[in-house]
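Each of the two complexes below includes subunit A, the first together with subunit B, the second together with subunit C.
Moving on, here comes the complex of A and B:
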C-alpha cells in the first residue's frame, strides 16, 4: 500500500461506526445558546449503556474528584462539555482497545493521570481537559491498529526487531506518524483545538500552533509514564524530551519527587480500575 | 511497605500507613492488623488503596526491585545523554528503592557507590 492510499484510507475513517449518532445530536444542542447541562445530561442519560460507561470514566482515579459523580449533568458541570463529548466520542474506541490492547489502554490512562497531576500543579483552569488530551494522545495508534492492521503489525514488528521508536518506523513506512493521524481524526470529530493540537503535537509540542502548554504537559506525561513503565505504548523506549517544552513546564527535583509519589499512588488506584475492567471483561 | 488496591487486601496484613477515604478522612491507624470485616468496612467507606507492611502481594507482571531497576535503565537507553531525563531516571529509581527498602537503605547504597 502506498502513502497516498494510506492517506485516503485515513480520510474515510469518518464513516466508521466509531462515532455514536448521539454525538451529532449533542453538537447541535450545544450550538444552541440556551442549552443547559441538565438538558444535555437528560439526552445522554437516555442511553443507559453509554451513561454507565461515562460515569465509570469520570469517577476513575485519573480525574481524581473526591466525591462520587452520580449524574451526567453533574459530570458536565464539573468536567466541562469538551471532556464529556470527547469521552463519548472515544468510548467505543476505548472499548476496542480494552479488549485488544490492554497495554496501550493502561498507557493512555496512566498518561491521563500524569497530565492531571501536572496540570493541577500548574493551576490550569480545566485540568480535566488536559487529562482527556492525555487519555487520547495515542488515538492515532488505535486508528492504525483497527484500520490498517497489517501495516500496524509490520510497524510494531519492525520497531521491535530494529529497536526503534514506533513513530520512526511509521514515518518511514507510511510517511506520517500516529500524532498526525490522531490529529486528523480528532479534527474530523470536531474536537476543540485545545485537544486536537496536544494529540497532534505530543512528540513536538513546540511546533503546535496554539495551546503549547497543554501540548508540553501531554508530551512530558507520555515520557513520565513510559519512564515508570506503566502500560505499554507500542515500544518500550522513553521518548526524547523537547527542551523548549520542558522550559515551559519544568519542575525542580523536589517537585519531580512529589509528582512521582503522587502518580505512583494514583497508579495503584488505576490498577484497581483496570483490574475491574479485566474482571468484568 | 506496599500499596495495594483494597480488592487485594487480606486478613492478617498490617497497615503501614493510616487507612484514609478519598476525602482524606482517617479511618484506622498505621499498625492495625486487618480482618475480613475491617476490610469490607473500609471498602464501604470508599477506601481504594491501603499501604501494608512488607511486600505481601505480587502484582501481575511485577518483578524484583533489582529487575525493575534494570528495566528502568533499559527504557532510558535511547535518551541516556539527556541531563533532564537522566535526572528523572535517578529520581524514579530512588523512589522505588525507598518505597521497598526504606530511606536508610538508599543512603547505604549511596555511600557504597561513593567508595
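Moving on, here comes the complex of A and C:
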C-alpha cells in the first residue's frame, strides 16, 4: 500500500462509519415529534464523522456553497430538518465497536472543547469554527480504521510495541500520515480551507500555508487534552509542542490556569454524554 | 442525455439494460446500498431515480418520501420497480409518492421508454427557478390565488435582498448566486420547520422571493428568517467589508461610493378571508409595504397592521 493507492482509495469513499450508540440515539430523537434541527445539531456536533458528513453535504456542488460553511450550526440552517433526518437515518456504523473507537471519539470531542475555549480567549470571531477544526482533526484515523482496517491494526500495534508515535509508523508503513489523509479527504469533500489546513497540519502547524492560528490552536489543544487524560489519542506519549505554534498563541501561566479550570468544568459536563455512549456500546 | 441513478438489487441491474441505456447516451450510476445511494443523490442529484420496492429496513419508502418532501428535489422523477404481485394487489400511493412504476420483468425497451417519458414530463411541468429549484412565477400566482379562493387566513410575505447590486458588482455573479441560494435555503427550511405542508416558498426571480404561511405563524417565521440570514451573511462577505461595515466602489466618474452591507427585507401582507379576492390586490399592498421596510436600516420585516373589517354585504362567509 503506498500513497498513490491510498489517494485512489480516498476518491471512492462515500461515507465513513461512526459509533452505533450515537446513531441509535439520533434515530430515537428523530422519531420524537417535537424534535428540531437545532437539537439534532447539538448531538451531531459531538461526533466527528457526522459533523464532517454534514459539512461535506452543505459544501457540495448541489447545495451550492463551495468551501464556505465550516460549522454545524450554519450547516443545519442551510440543509434543514429533512435533509439532516435523512442523513441520520442512512448513516453507517462500525460493525464492531472497539474500545479505541470510543477513545478517539472522546479525544476528538475533548480537543474540540479545548479549541473553543482557547479561540474565545484569543478573541477569534468565530470560535465554533475552531472547535469544528479540533473535532475533525483526526478524520484521517477514521479513514484508516474503516478503509484499511488491517493496516490500521498493525499501525496501532506497532506504535504500542515499539513506543512510537502513530504518525511515525504510518509514515513508515504507508508513506503518509493521518493528518495528510484527513486533509486530502476534507479537500475532496470541498470543506473550507480554514478546516482543511488545520486538519492536514495539526502536527506541524507552522507549515500550514494559511490559517496558522487555527492550526496552532488545534495542535496545542490536541496535546493539552492528551495531557489531561481525556479520551485516547492513539499514542503512548503526549507529543512535543511545536515551538513556533506556541509562540503564536502563547498563554501566560495564569491564563493557562483559567483555561484548564474552564476545560475541566466542560469535560465534566461532557462526561454524562460520553458515559451514555460507552454504556450503550 | 440524462443522468440516471439506479438503486436496485442486482437482479434488475442486468448487463444488457445498462449497456442499452449507456448506448443511448445516458449515464448510469448503480448502487445496491440505499444509504450510500441517498448520500450521493443528495449531494449530486441525478435527473431520474429508479428504485426497487422492498429494500432493507423499509428504506425505499423513507428515501422516496425524503426526496419528495424536499422542495428542491420534489421534481426529480422517481420510478418504482415493483413485482407482478405488487401490480396485482396495488400499492398505497400515499406511501409511495412516486411518479411511475415499472415491473421488474419489463423489457429493456419499456424501461427506456418510461425513463424518457418521465424526464420529458418533468420538463413540461417545471417553471422552477434554475438557481434555487424553487417554484417560479406561475406556480406562485396559482398558489396564492388558491389560498385566497379557499379563504384560508394566510400571510403573504415578499422577501428581497437589499443592496444586492453592489454585492454583485463587487464580488461577481457566482458569489451573488450563492447569496440567492442561501436565502432560498433559509426560507424553505424555516417555513418547513414552522408550517410543514401548510407553507409555500417561491422564487420570483433575481433577489425576490415570496412565501406564504398561516397568519398566526408569520411573525415567528420572519423572525427566524432574519436571525438565520444575519448569522450566515458574514460568511459571504470579505473580512475588509465586514470590518468597514459598508461596501466601497468607484463609479465611472471615479467617485468613491459607499453602500450599506447586504441585508434582508420582508413585507408581510396578512390576508384574512375575503380581505383580498385577487392576487393583484395583494401585490399592490405589498409594493407599498416594501417601500416602508426598505427605508428601515438593517434586516427587517414589516407587517401590515391595518385592521380589516369584513363587509358583510359583500361576502356571506365572513360573518
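Methods note: the second predicted complex is superposed on the first by the 183 of 281 C-alpha atoms of A that agree within 3 Å, B and C clash if a C-alpha of one lies under 4 Å from a C-alpha of the other, contacts with A are read in each partner's own complex, and residues count from 1 in each chain.
In this text, a contact is a pair of C-beta atoms (placed from the backbone, for glycine too) under 8 Å apart; a residue touches a chain by one contact, two chains touch by 3 or more.
What you see is a predicted model, and the numbers here were worked out from it, not measured in a lab.
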Which partner does A:61 reach: the first (subunit B), the second (subunit C), both, or neither?
both
Tell me which partner A:69 touches in the superposition: subunit B (first), subunit C (second), both or neither.
second
What is the contact status of A:80 with respect to subunit B (first) and subunit C (second): first, second, both, or neither?
second
Contacts of A:265 with subunit B and subunit C, given as first, second, both or neither:
first
Name the contact category of A:237: first (subunit B only), second (subunit C only), both, or neither.
first
Output check: A:122 vs subunit B and subunit C. Expected answer is one of first, second, both, neither. What do you get?
neither
On the A-aligned overlay, A:7 touches which partner chain: subunit B = first, subunit C = second, or both, or neither?
neither
Once the two structures are fitted together, what part of subunit A is touched by subunit B and by subunit C alike?
61, 68
Parts of subunit A lying in touch with subunit C, wherever the complex brings them together:
14-15, 36-37, 53, 56-57, 60-65, 68-69, 73-74, 77-83, 85-87, 89-92
Considering the complex alone, what residue numbers of subunit A touch subunit B?
61, 66-68, 165, 223-224, 226-229, 236-241, 243, 246, 250, 253, 256-257, 260-261, 264-265, 268-269, 271-272, 275
Residue numbers on subunit C that touch subunit A, as the complex places them:
34-36, 38-40, 42-45, 59, 62-63, 66, 69-70, 177-178, 181-182, 185-186, 188-189, 192-193, 228, 231-232, 235-236
Where on subunit B does subunit A make contact in their complex?
3-7, 22-24, 46, 48-49, 59, 68, 71-72, 74-79, 82, 84-85, 87-89, 91-92, 95, 99
